[in-house]
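Just so it is clear, A, B, C, D, E, F, G and H label the chains in written order, and each chain counts residues from 1 on its own.
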Amino acid sequence: MKIADSIHEFSKIVLITRATEEYYSLIYSKFPKAVYNKEAEMILIDSRKRQKLIDGLTVLSAGTSDIPIAEQVVFTAEAMGCKTNKIYDIGIAGLQRITNKLEKIRDAKILVVVAGMDGALPTVISGLVSVPVIAVPTSIGYGSTFEGVSALLTMINGCSPGVSVVGIDNGFGAGYTAALTLHSLMK
Amino acid sequence: MKIADSIHEFSKIVLITRATEEYYSLIYSKFPKAVYNKEAEMILIDSRKRQKLIDGLTVLSAGTSDIPIAEQVVFTAEAMGCKTNKIYDIGIAGLQRITNKLEKIRDAKILVVVAGMDGALPTVISGLVSVPVIAVPTSIGYGSTFEGVSALLTMINGCSPGVSVVGIDNGFGAGYTAALTLHSLMK
Amino acid sequence: MKIADSIHEFSKIVLITRATEEYYSLIYSKFPKAVYNKEAEMILIDSRKRQKLIDGLTVLSAGTSDIPIAEQVVFTAEAMGCKTNKIYDIGIAGLQRITNKLEKIRDAKILVVVAGMDGALPTVISGLVSVPVIAVPTSIGYGSTFEGVSALLTMINGCSPGVSVVGIDNGFGAGYTAALTLHSLMK
Amino acid sequence: MKIADSIHEFSKIVLITRATEEYYSLIYSKFPKAVYNKEAEMILIDSRKRQKLIDGLTVLSAGTSDIPIAEQVVFTAEAMGCKTNKIYDIGIAGLQRITNKLEKIRDAKILVVVAGMDGALPTVISGLVSVPVIAVPTSIGYGSTFEGVSALLTMINGCSPGVSVVGIDNGFGAGYTAALTLHSLMK
Amino acid sequence: MKIADSIHEFSKIVLITRATEEYYSLIYSKFPKAVYNKEAEMILIDSRKRQKLIDGLTVLSAGTSDIPIAEQVVFTAEAMGCKTNKIYDIGIAGLQRITNKLEKIRDAKILVVVAGMDGALPTVISGLVSVPVIAVPTSIGYGSTFEGVSALLTMINGCSPGVSVVGIDNGFGAGYTAALTLHSLMK
Amino acid sequence: MKIADSIHEFSKIVLITRATEEYYSLIYSKFPKAVYNKEAEMILIDSRKRQKLIDGLTVLSAGTSDIPIAEQVVFTAEAMGCKTNKIYDIGIAGLQRITNKLEKIRDAKILVVVAGMDGALPTVISGLVSVPVIAVPTSIGYGSTFEGVSALLTMINGCSPGVSVVGIDNGFGAGYTAALTLHSLMK
Amino acid sequence: MKIADSIHEFSKIVLITRATEEYYSLIYSKFPKAVYNKEAEMILIDSRKRQKLIDGLTVLSAGTSDIPIAEQVVFTAEAMGCKTNKIYDIGIAGLQRITNKLEKIRDAKILVVVAGMDGALPTVISGLVSVPVIAVPTSIGYGSTFEGVSALLTMINGCSPGVSVVGIDNGFGAGYTAALTLHSLMK
Amino acid sequence: MKIADSIHEFSKIVLITRATEEYYSLIYSKFPKAVYNKEAEMILIDSRKRQKLIDGLTVLSAGTSDIPIAEQVVFTAEAMGCKTNKIYDIGIAGLQRITNKLEKIRDAKILVVVAGMDGALPTVISGLVSVPVIAVPTSIGYGSTFEGVSALLTMINGCSPGVSVVGIDNGFGAGYTAALTLHSLMK
């Protein structure tokens, strides 16, 4: 809380990761503008005037258990002024779920794809679109997934060349990079 | 050669892996029935009467560089009395190549899928069929594929439950297991 | 529970893994047909008419601690319409236990072999039979087993060619693949 | 060569990686439009009309030995219609080389940063700019760099959130992703 | 406690690591000279006459979460008769924080630099000074930092040649080595 | 050669590993007592009076490719005054080869078992005897054996408690330890 | 308890590892001959007539935290009829503690050396004696010891050839192997 | 050569690593002051006036094969104005070689210890002296040394607190750090 406090003196926008609901209560009592996303476990304190949102980001996730990380992406990108579309729960073991949403996926200017287990979704998606894909490996899963390392390796080695990767469970980093890209290139 | 020789005394069929063309010349001069598959680098000496072939195996491979291992699968399975169909060069970064061949793929009773790099093809295929898939990771590729370990991990962790995996570059093992399955279950 | 519910609308059979006894109570109050296997920690809700079971699968396990995973194999295969035989607690450090059961083992059309620690049982069994073996590494054990990775490596590298492998502790996957194989090849 | 040939029938642009000078001679005798970059070991056959180049990409590299991969980035991005600036040989052990070029670095809309050894350059650069950084780990180096794995881990774990990463030595992938980004967002 | 007791019979100075506050209460009731540093979780029992402190050590740390390890360095070095300066919370993603403190950093005769995550700070600092740097990787962080291994690899592979490294989270070892160096070379 | 020379001044017995045939020619021209084992690539120069050999060591190896390492064991143990029996080429995938030799195996007082690939032979053998087993993993094999690491892990984790292990391909160490054991305990 | 019970029907000696004090109470109420070693966490139920103990085993351990594993060695070897000497707490960072005990160490016919952290003690000891050394790596320690893997590697790679190694924390295996060796060779 | 040339314009001292004899001939023809150390594979071009050498560094190495790296340390430190003592070929498997040289070792103000295989020498030495030790792991060795990683882990985990470590085979870095330390602390 001391951290959030002191950061706020210097900046009109503060983004806190790994925040529990209890922590949010404390923050909220001091900063009534603070907004909480329970799934992403993130808090935003935004004292700026309302900006116009930039369009173009779509966030995809493979399994139900990847949604918290996907929500991190969305929450971060929106805090940075981007409007996002969400397409959750489309895995590579059921291709028709992907093809059903293909038109909507192709509407995006940049995609963030969140996946654990085998981590093959970003490669499949990238082969179907002509926009850049930022891949987020997640640590969720069991067996020999090695807490996300298996997904990370798959993504780094994917044979579709338009994919770049962030750290395991780093939804914040992916949302930040996507938003930075939209801002940088649209100015 | 001494090995091939002595094995042949006990068995009417001999299968040699990692055979160079020069080695084949030596074998051939002694066993004119010996047959060579250059891509698979394998030799078959078969002194049995012609058997009726069992149908039902289809072999898929992801990239051009995976073909030698796919040929090992085919050569081994045929030596063991199975007829095989081949569908090569269908990767997950170009899904339409898969969907174009889907009917043919679904005709099989058992599939062997050979893939390197990200190794995601067996999971995708398994999600589209209702037959067992034997996956073969290959060591071909560069960067952070770690000589097939990345593909092996993807296959072991794939989220489609009908997949089992053999060792890296072990086309012989996959062909042998597939043929054993067809023989065991059709008797 | 919401998941089980919604799946059930679309399907006459639902299989839930990692289910606690408490969770079963909840499910059971709503679906009186739900059946629970405590060791496998799995629930089956099967609204289909009784089918005739397919014969031919035998499940072996190496140690007492591997039984929960072996039970997952059995429960899954039976849910998918297969009759299974069980031979538990036969390790490679006591070969006579294997040879005593050899006739029974050879009766099967397909074998699933569950083993942790050194993971050598599938290779030994495969050398004694002429049917395919699906190997399941388990994470149980201590010392330098690295939570099943040691067993996984042994199985992937076993020198008997009729073995294929599923992920660590993935009894569900092994049972599913075995049942799929019996169904695919017997139709 | 057969590959280049057949691809060329379908496409007005062909990009070949890992091409030796001898291979280029062969290609050139058939496709006089083929252009070769010796350091990147790449060939481009471009039969399109001259397009107007998109501006905004700057490529940085840490050491002399990273230049071939940096040249891959440049060659690929230019083949895809992007104009690139190059800033080579600026490492984190000599910060003044970075600060001297800071204004030029900040001119870019997107940066690709190539680095081996400790792989810390992308994090340092990202902290100094407000545009996205695509990081490329290289396998060059000795000692405990583990053929680029050390650099890959540093980049994936960098504490500056605007960085995403491609595979080891994958200059082609980084150039492709950067060009895709510029095209997608500027249309 | 028995350990501290028996060591004290032989030595006028005892340093205890990983000490909880409760443990300190016990020690203190017996050795009123015992001093506790809560962040470093260390206790010092020093029965020597006050010595004159040696000057020249500065301790830097990258993030807030690295401070406990940095405090270990300081507490150990001071127990061994060295005066230390502290410069905490200067990371490579914000270079101006480093350049602001550069004069103070250059005053040191030996530096200990504590960092987790990407672990690049020691290399950057070493490039700016002409004194030896002892680097301490920390296990704090998440994602793919592998409990400090990523930082350790970066430090071991850093391209600035004046850096040597101690074990992960081994602030005690770094403080001890730094103090030993000052004592050895100033006598 | 200088090394062999100077060692010989101090000792009546010299054992050289990794010796080529050419190197042996050089050694032999100077030390006519030098004896060479081509498969083990070792040279022995023994100027001692003929000692009486100690009985009790049997060396087993799994595959043809493990024989050079097994020969190292034999050559080393014989140089140290032990008589050895050899039983080569008995793998776990063909148990009858083991049971055929069981009586001979049980005659030993100590066993050295050499195996690559899955490395399960020492565990199987240990379960059949009541004498200690020294296991030697070998780097021979392909696919995912990781140059012997897979065999090493299997041996270290074997569930039969009478097994201890030496380094990969370290036939010299195993022979030395076995001979040391026989000497130490029989004096 | 059921296990201990059923084993006891077949065998006059039962050895239970990982036994808590509570578990011992249960066992003791049923088998008043049961003996407990709290540090080793092991129980022995021995219904045999008192045998004469075999002499010759000495157990060394490096640090205080290695003692439980050393006690496992002792307890196991004594259960198997061997008399043991113990020399605890002699590390390589204080050589005089080793040289003080050297005569006593050299009295043994076989040594078991237990060590964690760097794991170098077995190599040092082996260089000072002419008897076989069985090394036991322990998982105790912190930082980059990787739960005993570092000690295991050191022991496997030690440059003194009379050392063989058992699994991490496997004091039972080391005691069993040592006792087996004494029995096998002294009969 | 172009590199050496251009560096020389800016600096009165140039140090080239990994230099072959042929390369030295080229350098020498242009810079007659160039000095070559064949074992270290390094060239020094020193145009400064002769400085007075600083005393206090001793370099130890464990095996014959570690000498080239030890020579790198010496050559680098001498180029930087330090006088060095050398004590080569003292391994931990023969402690008397260490104790024979102990007085000479204790004369140093700072020690560099070079070792491969098990890498335990720096810990042993550090326990015998009261000066800092810089440890250099080497990649020389075979079996499971993993090209120096095993030695690196041992050194990082050594239980003597006065040791810090540089990268595998990085004799240059160790010599540089040692010289930097002597200069920094003696001014």
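The rule we apply is simple: contacts are C-beta pairs under 8 Å (C-beta built on N, C-alpha and C of every residue); 3 or more make two chains touch, one makes a residue touch a chain.
Here the structure is a predicted model, which means the values were calculated and not measured.
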Farthest chain from chain D by C-alpha centroid distance is chain G
Higher-contact pair (C-beta pairs counted), C-F versus F-G: C-F
List the interface residue numbers of chain D and of chain E, divide the shared ones by all numbers used, and answer same when the ratio is over half, different when under half. same
Equivalent interface to D-E, taken from C-F, E-H or F-G so that over half of the residue contact pairs match: C-F
Give, as an integer number of Å, the spacing between the C-alpha centres of chain G and chain C. 37
Nearest whole angstrom, what separates the Cα centre of chain E from the Cα centre of chain F? 48
Please compute the C-alpha centroid of chain B, do the same for chain H, then give the distance between them in whole Å. 52
Could you tell me which residues belong to chain H and also touch two or more other chains? 143-144, 149, 152, 156-157, 167-168
Which residues of chain A touch chain B in the complex? 62-63, 91-95, 98-99, 117-120, 123-124, 126-128, 141, 143-146, 149-151, 153-160
Can you name the residues of chain D that touch chain A in the complex? 56, 109-110, 130-132, 134, 152, 156-157, 161-168, 172-174, 176-177, 180-186
